[in-house]
């Protein structure tokens, strides 16, 4: 049996089953959808076991050179507590695991986000003002600075958007509209690209298996 | 006439679907080809940053995506691997998304085979780890305690490529191919700003606009945005290379052009229908 | 009282991570915590898998709506687990074959469906109803044309204008959103670390 051709046919039939949803919901779509969910979950579990839990937990808990490192029982128990969320009587234990996850994540991302997404951005905006490069570059930098300041004013809801604040918020929303338009353009591009990728698979990999060469 | 135009607004969505499908299928079927002009921008910056790395440099390539965004990101992975391996730059790869491991393998093995490169000497795939940003910070102090083995269980201490690689700071550049979170922002925050390592990236077109602030501040050295970014890179990497394998992004750009025109046409028709209906009801001032 | 220990863990973990950023002496504590985090977070996938199986077994038992497809999910899950655990995950093995030949096309197709829906939604909802919406529309059109080769063929300056929109007004707007979100994140993180925000623990009791 030619496994490559079989694989292409499997992929093509499953793809066409999913595309059938465009006409209306139907059993072929539901079959492929359910299969995808199950296989994805299986894939995640296997990679988590083989790439994370065995090398980073089990091999530390029970090292190959012998003995046992009891300290590694702590993350093991906390992990187990997380799964116990599905057992109603023991579900409160999962709070301990969640607390560790949330505390670590919050502590780390607070400092990093403040540094990268706030301080560095403010710094970059101020520096832009001092950059040379001709009148066009200067005007562009003025737009960036005005846009950032007015955009932030628009997001500041603790003061009514009236008077000077209202004027600044209006400029802010205008800049944001241009930014959202650009985002929309990019979103369209992304979605079409995905369709192109799958169409290329069907036209140039699947059709040739039936002797149709475009 | 007004009635027809107004009715246009209620067109069956399946007609729109058919037009969109044809807008993609026809240009691909007739192998329509359009030139990809490369001008100054994040794609060129990315290429130049990688091109400036000397032979023997080590780059961490993180595959932070899954099959749902593969048409955009896989061509980038292949083009980047081509450029890096051709320049004899060592690739240590990993994934913040589990499915990125297999997709990364696919890209690296195909390029490595075509260029005669060797696994564990010229490239390695360390595999997937949970944790996103937290994991990256840990990699900043010790890579081998996080990745004692590669994705397939082979000890990293035995791999020549891992000689002298102990922490993120030992890499000359980090490149994240990112479909969302964790991805480019996590690398910029936890590696670029924290350990001062140049960060480059490729991302889906959906998220590209959000990363422009990082380009403006120099927190990223370059960025490939969506299929266009991938096509730009494929084009640049192929310059001067004989018998370079054809990518999938470049041939897709003609279909992308037609589909964009199709969507724009639909938006214009929708607006004409809307304005005519509004005028008839006396709503236009 | 039931929340006291979790809140304490959140506080200690959060403070260690913050201190680690500023005080090198706390580095090793932070590193252990990061490794524990990785392991505990990994177990979340088992929670997801157990939930998935629970839901589908429940559907089969009670013959709930669309229960006939639940065995497909369970079979797909079992196939990946069995092949992955017993036959290996490297390229060429059944696990990798199923990933490449089935999961990859399904994943890519699932999301490519959005191309059709985005076209339909744009046709119905993208209206130039006021001058700001018109500005949004114009910005979208310029970017859509500027990112494809046909844009440059229509007028050579379109890609340049598109890139200017990305590097100036888009950058300004995205940066404002970024700074605003970062400040919000800092505030939320502090509320969590100091136990003011407790909803993640399942209520404020």
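A, B and C are the chain letters, set down in written order, and residue numbers restart from 1 in every chain.
By definition in this document, a residue touches a chain if its C-beta (ideal position, glycine included) is under 8 Å from a C-beta of that chain, and two chains touch if they have at least 3 such contacts.
Since the model is a prediction, treat every value here as computed from it, not as a measurement.
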item: Greatest separation from chain C - chain, by CA centre; value: B
item: Leading chain pair when contacts are tallied as C-beta pairs; value: A-C
item: Inter-chain centre distance, chain B versus chain C - centres from mean C-alpha coordinates, in Å; value: 16
item: Separation of mean Cα positions, chain B and chain A [Å, integer]; value: 13
item: Inter-centroid spacing, chain C versus chain A (mean Cα positions, whole Å); value: 3
item: Where chain C touches two or more other chains at once, by residue number; value: 34-35, 37-38, 41-42, 45, 89, 99-100, 103-108, 110-112, 115-116, 118, 122, 126, 137, 141, 144, 147-148, 166-167, 170-171, 174-175, 177-178
item: Residues of chain B engaged with two or more neighbouring chains; value: 17, 20, 24, 68-71, 99, 129-130, 134, 137, 146, 151, 205, 209-210, 213, 216, 225-226, 228, 256, 259-260, 263
item: Set of chain A residues in contact with two or more other chains; value: 22, 43-44, 47-48, 50, 52, 56, 104-105, 108-109, 112-113, 116-117, 121, 124, 144, 179, 182-183, 186-189, 192, 194-195, 197-198
item: Chain C partner contacts - residues on chain A that touch it in the complex; value: 3, 6-8, 10-12, 14-15, 18-19, 21-22, 30-50, 52-53, 56-57, 74-76, 78-80, 82-83, 85-86, 92, 95-114, 116-118, 121-122, 124-125, 140, 143-148, 150-152, 154-155, 172-189, 191-192, 194-195, 197-198, 201
item: In the complex, chain C residues that touch chain A; value: 2-3, 5-18, 21, 33-52, 54, 66, 69-70, 72-81, 84-85, 89, 95, 97-116, 118, 122, 126, 132-133, 135-144, 147-148, 164-183, 185-186, 188-190, 192-193, 200-202
item: Residues of chain B that touch chain C when the two form their complex; value: 9, 11, 13, 16-17, 19-21, 24, 34-37, 39-41, 66-71, 99, 102-103, 105-106, 109, 129-131, 134-135, 137-138, 141-142, 145-146, 151-152, 205, 209-210, 212-213, 215-216, 225-226, 228, 253-254, 256-264, 266-267, 269-271, 274-275
item: Residue ranges of chain B in contact with chain A within the complex; value: 14, 17, 20, 24-25, 28-29, 31, 68-72, 98-99, 101, 127-130, 133-134, 137, 146-149, 151, 153, 185, 188-190, 192-194, 204-206, 208-210, 213, 216-219, 225-228, 248, 251-252, 255-256, 259-260, 263
item: Contacting residues of chain C [partner chain B, same complex]; value: 27, 30-31, 34-35, 37-38, 41-42, 45, 88-91, 96, 99-100, 103-108, 110-112, 115-116, 118-120, 122-124, 126-129, 137, 141, 144-145, 147-153, 159-160, 163, 166-167, 170-171, 174-175, 177-178
